[in-house]
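When the chains are written out, they are named A, B, C and D in that same order, and each has its own residue count from 1.
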Amino acid sequence: MADLGVRLAGVALRNPFLLASGIWGESGASLSGAWNAGAGGVITKSIGSTPRPGYPNPTIEVYETWGLLNAMGLPNPGIDEYPREIEAARRAGATVIGSVFGGDEEEFARLAHQIEATGVAAVELNLSCPHAEGFGTEVGSEPEDVERIVRAVVRSVRVPVIAKITPNAADPAGLAEAAERGGAAAVSAINTLRALAIDVTLRRPVLAHGLGGLSGAAIKPVGLACVWQIYRRVKIPVIGVGGIRTGLDALEYIMAGARALQVGTAITFGGVAVFGRLNQELSDRLDQLGIARLEDAVGAAHAAHL
Amino acid sequence: MADLGVRLAGVALRNPFLLASGIWGESGASLSGAWNAGAGGVITKSIGSTPRPGYPNPTIEVYETWGLLNAMGLPNPGIDEYPREIEAARRAGATVIGSVFGGDEEEFARLAHQIEATGVAAVELNLSCPHAEGFGTEVGSEPEDVERIVRAVVRSVRVPVIAKITPNAADPAGLAEAAERGGAAAVSAINTLRALAIDVTLRRPVLAHGLGGLSGAAIKPVGLACVWQIYRRVKIPVIGVGGIRTGLDALEYIMAGARALQVGTAITFGGVAVFGRLNQELSDRLDQLGIARLEDAVGAAHAAHL
Amino acid sequence: MRTVVEVTETVVETPSTITLRFPYEPPADPGQFVMVWIPGDDELPMSLSYTEGGSKGVTVKAMGETSRRFLSLRRGTPIGLRGPYGNRFDLSPHRVLVVGGGSGTAVLAPAAERALARGAFVTVALGATRADELLFRDRLRAAGARVEVATDDGSEGTRGYVTALVSSLLERETFDAIWTCGPEIMMSKVASAASPKGVPVFCSVERHMKCALGMCDACALGPYHVCVDGPVFRADRLTSTEDFARFHRDPSGRRVPF
Amino acid sequence: MRTVVEVTETVVETPSTITLRFPYEPPADPGQFVMVWIPGDDELPMSLSYTEGGSKGVTVKAMGETSRRFLSLRRGTPIGLRGPYGNRFDLSPHRVLVVGGGSGTAVLAPAAERALARGAFVTVALGATRADELLFRDRLRAAGARVEVATDDGSEGTRGYVTALVSSLLERETFDAIWTCGPEIMMSKVASAASPKGVPVFCSVERHMKCALGMCDACALGPYHVCVDGPVFRADRLTSTEDFARFHRDPSGRRVPF
């Protein structure tokens, strides 16, 4: 059986499949549940300075099995309340990565510092939520902003800092380069695509917030392109995310350049049992291809295409 | 039966469904075929200055029924050869819109001028192909470039100029504003999303060119968001394109702000007969909702959401 | 994934409770819920109080802002629906005690009706603040259930909480199962009373819901997601959590005491 | 949508022609083609010369750069496949004349074989530049076809073009249908010869292909897309276009004379 373990920015992961931020991430019990189901690590819901209820419902729309639109609006209990959830997950033995979002570099740095104190293995910066005013893409679309925020956070914590990049940009790889310059230990790509659903009977957007973010199978080809381009332009490891639902999807991301992966929407369609299945499928694929260690496959598709 | 006729930038269309550029667009017989099948107008393949064979195969990858990835590489016979195809389509009675692509404003202006001479009803500028080096998004990602190119073209032709906008940008609506400033009579949104497919057995990208553009149902939510945002920021009409395959999809785009529509990938899955079906379905939907004229529905979803 | 339908009928059940009927074809079972969207306002989880055939219904008690708005909905108003979601009551037990508090009876009524239709013997213990707030008393009697009543003010039936009524029923009679829905404190007391008798208790619980797809974590209750693992749970599953009858989560995910 | 398989067998059919066999499960009929991808090179349309069961095959003649590369493929080489695409020969006629020129016989052989298996009487007129370029002569004879041969240099059978052979066969005998594949000039001559006799001619034609999905317009031939409306056409459909045997389109879409 192929070795699925990977080292990501100094953190040893038992397998590459991380729970993506925002899915099963509000409660410690859920984080533990994803870990127990076989995730290689769990990323928390993105946490901010104060409690945020998020947008009113409807917050989601589903497209058959290939897509999910959401505008949750970054609901979270705030950094003062959240540590107990992380502690619960850590007690269950989970490798936890803390995700935070802020409006400027000071807020990011403070939140990262606070979340570091809970013993997380790394901090991920949400620079890429496409539907939260004043946060996410609004602070993560310009390379200078990304660099400045990452630099401020890197100064304030010891754990590795991961920048999560938006695909809603002319040049996502340029944002990854900026994160690298700022000192990021890794980048995650991608967050959701800015998107919208309309109800024609009611003549209005379906989601209460109007615009939302598209995730799921539909965005896999877009995520692969981002990972591919980023891999060619930075030296730090890339975490692939977007539409992963099978071991084949996973290996495509790995060969495009990802060293670890995140899984979100697939949980909507199959629960966290998806982690067990993904491990099995990926391992089978590697065996079939005669690849002994997952790490040997990272970026493999670039050799043929220089 | 609801009235599907629309006026778009002074051009009367018998219905809002235009054949999108790049599909059935190389030969006059195919353009005529789409018209005879019920298209409200046909947009030519994007034409450049000289013959271009495009990229080698593989040039496409299909995802179930929800997506299509392509990197054709803008194959076209060049502006000197192409007029005979437009003439054939015009002889069949088709309303033809000529699409052109160039590397700078002079080339765009010259091509637009040449294609105007064939009697097209309007000219569409491809500022948005995501995989052609030196063309498309490479000249259409910055508002200043878009404005300059559009302005040069508007000066060189009398027919309405349509700017086709890329979704691979932080702010597609800002590009539409730039087109409006440059004098565009309308904008089309969206072109394909930058995307990639990997073959894990062969450890390489599937498409010969590597990166390609994603179209089809998967991008409808993204196209709707672009049209929605553009509609709020420009006064010129918007042509919605991306993933339209049913009358319901069409009406969503119309209510999001589109005055006309383009259909591409749906033809892959159902042939040009899709135009007849779309007309029927859209008309049925409007009847059900008690909307007498399609034009009354343009932008209708904005009223509930100010 | 949403269907927009028009409300075809409204029934004022109590001064604070209204039933909306609407055409909705997807098959449903007692215990399941739908997400009901009031366009321009919010979308709330509501148990189906009518599950049979194409004309389904929800029964809503005015609590906060949005649920209050349900009371002003009229015939012809468009609402959005998705679902049904969640699990269902196991309808196989023969002698069932149904314990409903407040609007909780909404989800129990169709379960009781279907059990009765299959020949079960159903006793209902119905609680409310006062007589005119008793929900579905007549509906349940008409279906053949024995209905016993408790009101806080004694305006009908026993004075006091319905839990007292349950204890005395459990003393006198044997049941194969208890189905209950209402305030968690009430359900927790019912569970405590039934436990020494070995009668299994099934509770329908509520948590704040957003996705209803087991994904967003809004409805987390201990290790469960109420939207997919529930809303119906065996009481022992719930009492082993730290949350049941003690904490729920507000829309931000913050754990707050009941 | 692509399947990558390894070549399981290669057969050198003539000095310029090779057959590749490979496992490929999707069912196919004679007349259909697949898109064959040589990783790192190109992807070309190739008719299936073996359509039955799980071991399929294509037979490739070295023409340009890519097709020449097929000749160097070996057992174990991975190739990508998609399809089968396109329509098929109508196999119902009883007395069939099969006219193959060059690698065109690749698509005709499985059609002839299947017709013979159904009890049809099949005559094959096979043309090539010289004897060792005659494709599938032995395969067709083994299947029970009567095979007549014409070579440009007279090294086997009649000297001259296969079209002369066809004319003389049409003089002497009656056929219910003619199936042909080869250079368009040849097929056009076959159509002219058959037309006065009223024998329907079905031609398998080739055009530059990219998508094979009837979308990109690369394979436009008059009002048709060869990839979905063909590759098999009744000759009268083709002769009414301005293109058949006169023009094809290069990869840029430019119309160029044959």
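General remarks:
By our rule, contacts are C-beta pairs under 8 Å (C-beta built on N, C-alpha and C of every residue); 3 or more make two chains touch, one makes a residue touch a chain.
For clarity, every value in this text was computed on a predicted model and none was experimentally measured.
Counting hops only between chains that touch, chain B reaches chain D in a minimum of 1. Each chain's centre was taken as the mean of its CA atoms, and the one lying most distant from chain B is C.
With centres taken as mean Cα positions, chain D sits 69 Å from chain C.
Centroids of chain A and chain D (each the mean of its C-alpha atoms) stand 51 Å apart.
Chain geometry summary: the mean Cα position of chain A and that of chain C are 37 Å apart.
Residue positions 63, 199, 201-202, 204, 304 of chain B are each in touch with at least two other chains.
Within chain D, residues 39-40 each touch two or more of the remaining chains. The touch graph of the protein chains shown is a line.
Pairs of chains meeting the touch criterion: A-B, A-C, B-D.
Of all the residues in chain B, the ones that touch chain A in their complex are 63-64, 66-67, 69, 137, 141, 166, 168-170, 193-205, 210-211, 214, 217-219, 221-222, 224-225, 228-229, 248, 251-252, 255-256, 285, 289, 300-301, 303-305. The touching residues of chain D, when paired with chain B in their complex, are 1-2, 4, 35, 37, 39-44, 78, 80, 209-211, 213-218, 220, 222-223, 225, 228, 249-255.
Only residues 22-27, 29-30, 32-33, 45, 51-54, 56-63, 70, 72, 75-78, 81, 84, 199, 201-202, 204, 206, 208, 265, 267-268, 271 of chain A touch chain C when the two sit together in their complex.
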